[in-house]
Amino acid sequence: MSIPILSILVFLPLAGCLLLLPAWNCRRLARPIALVVALTELTLALWLYASWKGLAVNPFPQGFLLLEDAPWIPAFGIRYTLALDGISLLMIMLTAIVFCVGLAVSWDSIKERTSLFLSMMLVMEAGIMGVFLALDLALFYLFWEMMLIPMFFLIGIWGHGRRLYSTLKFFLFTMSGSLLMLLAIIALHLLYAQQTGVSSFQLQELLKVQLPLETQLWLYAAFFLAFAIKFPLFPLHTWLPDAHTDAPTAGSVILAGLLLKTGSYALIRFGYPLFPQAAQMMTPLFYSLALIGIFYASLVAFAQQDMKRLIAYSSIGHMGYVAIGIAAWQPVALSGAIIQMANHGVTTAALFCMVGMLDERAHTREIAAFGGLWGKLPLWSFFFLLFAVTAMGVPGLNNFVGEFLILAGTIKSSPLVAVLAFCGIVFPLIYMVRLVQEVVFQKERQPLSLNDLNPREIGILAILALLDIWMGIHPAPLLEMLHVPVQLLTGGTP
Amino acid sequence: MTAEQLLAIMPLLILAGGSVLLLLTGAVRPGGYLYGIAAACAAAALIWSIAMPADAVMPGLAITSFSRFFSVFLYGTGLVALLLAWEYNCRRGITGEEFPATLLFALTGMGAACAANNLVMLFIGLESFTFAFYIMVAIERRSEHGGEAGLKYLLNGTLSAALLSMGIALIYCSRGTLRLAELVAMQVIDPLFIAGSCLVLLGLAFKLSLVPAHLWTPDVYQGAPAPVTALLSTASKAASLAALLLFIPLVESWRGIHDIFWMLALLSFVSGNLAALLQRSIKRMLAWSSIAQMGYVALSLVAAPSGGRPAAVFYAVMYAAAGLATFGAVSLLSGDHDRDELEQYRGLGYRNPAAGAALAVALFSLAGIPPTAGFMAKFAIFAAALRSGETSLAIMAILTALVAVFFYLRVVVTLYMKSPEGQPDHAPPLSVAGMTALAIPTLTTLFLGIYPQPLLELLKRILP
Amino acid sequence: MKLYLALILLLPLAGGLINALIGRMLPRKVGETIACGVIWGAFSCALLAYTNFTAPVTAEYGSWLSTFDFKAPIALYLDQFSLILTLMITFVCGLIHLYSVGYMGEEASHARYFALLNLFVFAMLVLVLAANLPLLYLGWEGVGFCSYALIGFWYTEEKNATAGRKAFIVTRIGDTAFGIAIIWMFLLFGTQSIAELNFLAPLAPPGVITVLGILLLIGAAGKSAQLPLSVWLPDAMAGPTPVSAQIHAATMVTAGVYLLARMFPLIGSSPTTLAAIAVTGGATAFYAATCACAQRDLKRILAYSTISQIGYMILGVGAGALTAAGFHLLTHAFFKALLFLGAGCVITALHHQQDIFRMGGLRGKLPAVYWPFLAGVLCLAGFPLSGGFFSKDAILGAVFERGGSLYTSLFLLGLLTALLTAFYTFRMLFIVFHGEADNANHQENGERTLPLVMTITLVPLAILGLGGGVLNLPAYLGEGLLARFFGSIPGFGAMHSSHMEELILQGIAAAVSLLGLGLAWQRYMGVQRSGVLAREQAGSKLFIFLQNGWYLDELYRLLFIRPFVRLARFLWKGVDETAIDGALEGLARLMGRLALLPSAWSTGKVATSLFGLAGGVAAILAYCAWALS
Amino acid sequence: MIVPLEHILVLAGLLFFLGMAGLLTWRANMIMMLVCIEVMLNAVMLVAVGGSARWGNADGQLFAIFIMALTSSEVSLALAMVVYLHRRKRTVDTDLFSELKG
């Protein structure tokens, strides 16, 4: 294909930022521009989805559907390599959708410095797209760090509560992991250069490097730390509740929907393939952290008073299942983990949207302030119940698909973990049911005069709800899309 | 002197001549236009250096691609500093001819230092621009702290000059020559030579403000006028780095040099980053951070044998761009008094978007976050450090870099995330000169962050 | 057949979706018509399926979860057992839907109500018809959700919402065990299809089968409210009465029995599992019967009786008498739905009064309710020749047949339970319908007239309940229809016992039932009636103990809920905020302290910096001396 | 060569460190500090001239002359600074100029 569609995906949002400049002080013009850019991205992503089977006929090496490669900084051996396979395609679609949702949900709520906000969103979209597409480790790292800056501003400028504390905490946490990863990336590059005399950061090249186990362990530890913080795994998770709680709605949506996924994605794409033995050795640690996370986060979520915080903690628990699915490194579990990344992205994004909408109306997120919303906000409550039920993992909705596949796969490599993790499935139900009961049901606790959802909000939620249901009932096309990459990753032939 | 030699040293002549010319015209008719002349001189020297790539060797000076690169770099820095100072000084009534003349003189010294081919010329070049800085630091007579800063810089500077000259004298005693080329050829280790070299290194460490010769830095940076600080923290350091790069080959075969740089680097980035953590004065914070940044430069010099030199210079270029932008923003945002307290920057990113953005980009660059030059520079030095097996030093460097992220971001937080309540707004609007002076380093920072390849290639070519 | 099966499922689903999405905008009548119509449509399809039924069929409609070796398509499996259950579910639910039109006549959120009711039927049918376990699990969880939402239908009362929550959570605990069993079976057999699993079962080691069986039992216990997960069902009565009838009596709560029966070829090979199942069933039957004797809330009596009757069914499964269990499941569905609907009539008539001590003497006032209710009571009490009599007796007979000390004692326990059942059933009947009316209550409000649709639905149920026995008459009266029909399903083999033995057993059962009737008559119809009632209202210790369900709730609150809440709080405040964040803050403070070290050197005096340089000279020269020596 | 190089070096070293010691201790008077620096630079010149004598070339002497030039200019500047500082604080005690710290 002659059109560099992957580069367009990455750079279109940046171009969108430039488009915003003329309309910088005109909010009415800036918002549609940004939305159009995001929608174009979505169209591109959907177009890729529609045509992936055609592309799969003549795949690039390693089963990639598309590959764009050009020298970038030969002095360092860094190339500009973007590639697309089923996994990244799923993530790209998720990114495009979540950004559209993020822009739409903050359509009215961001009243100050709108253009700055929009440009930050677009820059972040570019960064996240880049993370999901980059195949050169240095390029990947560049995008990995680049997406932090807009999020930093997003929380810091448009956040609530202790936003400065939260945004700094978020930034420092993620930086601390990724800086060590940078060293590990460079070290890997140098080892490869030593062995082959060629200087490269490309994944396909680096995969050929022969590493002694001890080196592998050290390097993998550095990668793992970076990804574990993003995941986030217990006990590296404390940035997340703060960041989520204090971020603006769009920030939380993107944080939960996408940023957490970059960690798991990178672990699948880079961590495990690069350091297979080390990853194997660290699996018990990974399992135990994930399991602790599941139980711990669910318990803590139960104790929360703030709706957003509750959902934030629930994210940690749900991501624990993704972690288990990756740790199992088994085709079914891995497919489940990947699909669960998308599922969780959609569901949690929806929940954060909903809390944001409520917050805009009531100016509080305290659970204790609400009650009996079913009577006052029937539509809101309907959607909230739907998404809550999804988060509980009720079959027929998407979270179940991911979690069930993860557990069904995991039991093949580690029955005990699978059984324990399955026990953890009770907990999301407990805290979600509590949340739903105290907010949606019961009697009104404070007299609040609230308006129900407007058409824009209904549209957002309806799309997310349809996605939830579609991915819950008919995940087969997505699973089919993941089949080849997962098989390649887990050591099979396509 | 042949025509070619004349062509080669023309930039130096332009600068020196410009300096004299300014002194003369200034005596007749002082005024802001003098800055224009100075800027024109600097620009002429800069353009000449780029456009007339003539190599020449003459007694004391050797114009090579190395020196031309540094000249371009230093003159560019000087030009930006002049543009910054233009507005700043005029606002404060420093309209005399002495400032632009001294600045041009300093540039002459720097140009000489990086083109030196013997130690005397190196010494003269270094001392002449340091001398110029003694004047510029204390040039604002109304300033509260200018005098104190001048005093500190002067005393430390003369002591370091004494150390440097003693070192050179000892080397001479031991080798019998001051020509760099001859010295490089003689790789015999004897105590006198080593002692001399160490003193030279320490003298240069003062100029680069590496620990333990760093304690003047925060005081002088804080007390000096912001544009002077901008130049002092960038050009002065870059020229000293050039001198260091010229000097290092002399002692490279001695293993001890590695250990010395190792210690200098470690102490510098640890203490610099830690001390910057709690500073309330932005200039002071930047001063401590510059100590740390120079520590990173030293880190890449530790790895000099395995390709650390290009990394060091790249880092210096990045730091120069960032330093010019940060101190430049500080000077442009300062009214009658220097805007020095961090709290005075609350919400300034919105009231003065250009300066705020420049400051933020520069801070991100200093923190090493992509897509800025700082990231590429860190990438380069860590790659160099790991290649030469300095893993533990690299890990410590990266951990302190994490600490640094905090205090750089604190400024960004103040700029964009705190409301400017109760802050009287004295932020002056930016002039064209100011805008240009901010735009050049900022664009450089971004360009080098996205496409550093040309510069890296150039550096690989000119540095052995 | 494929079409019928699809329609059976799709009709209720469509009805539910229509009511959920646009129900608010539709006129009430339309919504009600759609809701009832789809269920009766499903029933018609089920009838068509029945008439066309020749042999078990599997119908696959598409892929659901399938990746690599994990395959769980959207596939339905229809055999005799699921066919009969489908018929029963669509029929009973159809009646209850009709009844609801009357019962919920004044309810504003009718759309939500009917949507959930329809969705429930859909989920229940998925559960029954699923060809593989994940799909079954979908139905399983789906009914759980609908039950949750319907129990808390009147959500403004905290009590109702809490009851729904409790039901959801407790059943989810059981579901988890079921889920673990599912993935474990995937590990063992590599398939999810129920038929294949049952076929492959002999390949697995017996120990594993036992564990799988126990896991399935826990799952079943959760859904079917067996000990120790029985606590949710009495509270579930907070929902509207038709909901109680449909979900918490006739259909959903029997899902556990269905599951165990379905998987019987797999689990039946382990005697330990069977014993565990039987003990659970027997113990629950007895436990719930004792509790039912002391309840004063009409619906709670029925709830405990449901638990108890399902205990019988589970006991039957444990005894290997699947046909008997299925038979009891059917008759129970009819007469328990009947009882609940009758109770609903009473409650409606008395303006949502549920306390039986505030009732009395309703026989004259509500004759249209009394007679069907009486039919239900006879069935529940196992009155000779009623449907309940035959089905319950089939189970007890099977248990007796098994022999051995365990099963014999379970048989005796079952008889004792039967006695209690008869007693509390007639106690309920006598207190509610006989005796004197509670004048204060009645005069205040007067009775509401009942819509015809409510009372009319009782009639078919009463007929089916009373005559249910003919579905599977004991062998001495001819071969049972069900036994013949189910005969070919694996695991449903007929029990063989001599006619004489069977007759004796039925005689004993009849006697027990009559004895219970007598006791109740003596206590509540005789002269002591008013005294007994007063004493019961005051409540003795034993009475209170039984009334509170042996304080099982309190026990769980003490053992699980309170530690859970405390632990959650501790983990949040103690670990998350204090330990982890505290450690980080400590690190930050440490950094702050360390930051003072280098800046302490910057004293402001120029001499210090000169000292620094001089110190540097000393150090570097010392190093040189050391390095060169 | 009449005097051995070692002797010159020892003398110069003594002078140098004396100067440095004086610089560090005499901080109450800035003028004396400047004098001490002069002493140090004189030691440097001594070494340079000594080296010149050892190797028989003029480079060292040239260097010494440059240092002289540098010294004189530095002293002139320093004295101007002394005057300026004295005018501000009426003292030449360097320890009193310690407002910038931390």
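A, B, C and D are the chain letters, set down in written order, and residue numbers restart from 1 in every chain.
Here, contacts are C-beta pairs under 8 Å (C-beta built on N, C-alpha and C of every residue); 3 or more make two chains touch, one makes a residue touch a chain.
This structure is a prediction, so every number in the text was calculated from the model and none was measured.
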Centroid check, CA-based, most central chain -> A
Chain pair with the higher count of C-beta pairs in contact (A-C, A-B) | A-C
Could you give the separation in Å between the centres of chain A and chain B, each centre being the mean of its C-alpha atoms?
-> 42
Once you find the CA centre of chain A and the CA centre of chain D, what distance in Å lies between them?
-> 65
Inter-centroid spacing, chain C versus chain A (mean Cα positions, whole Å) = 37
Note: chain D sits from chain B at a C-alpha centroid distance in Å of 26
Going by residue number, chain B touches two or more other chains at 151-152, 155, 159, 218-219, 279
Provide the list of chain C residues touching at least two other chains, using ranges where the numbers run on.
-> 599, 602, 604, 606, 610, 614, 617
Identify all positions of chain A at which a residue touches two or more other chains, and write them in rising order.
-> none
Listed by label, touching pairs are A-B, A-C, B-C, B-D, C-D
Note: in the complex, chain A contacts chain C through residues 235, 238, 241, 296, 299-300, 302-304, 331-332, 335-336, 372, 374-375, 378, 385, 389, 394-396, 400-401, 404-405, 407-409, 411-412, 415, 418-419, 422-423, 425-426, 429-430, 433-434, 437, 440-443, 473-476, 479, 482-483, 486-487
Chain D partner, complex, touching residues on chain B are 118-120, 123-124, 127, 131, 134-135, 138, 141, 144-145, 147-152, 154-155, 158-159, 161-162, 165-166, 168-170, 172-174, 176-178, 192, 218-219, 222-223, 279, 284
What residues on chain D touch chain B, complex-wise?
-> 5, 9, 16, 19-20, 23, 30, 33-34, 37, 40-41, 43-45, 47-48, 50-52, 54-55, 57, 59-60, 62-63, 66-67, 70, 73-74, 77-78, 81, 84-85, 88, 94, 97-102
What residues of chain B sit close enough to touch chain C in their complex?
-> 151-152, 155-156, 159-160, 163, 189, 191, 194-195, 198-199, 201-202, 205-206, 211-216, 218-219, 255-256, 259-260, 270-272, 274-279, 288, 403
In the complex, chain C touches chain A at residues 24, 62-70, 134, 137-138, 141-142, 144-145, 148-149, 152, 155-158, 161-162, 164-165, 168-169, 172-173, 176, 179-180, 182-184, 186-187, 564-565, 567-569, 571-573, 575-576, 580-581, 584
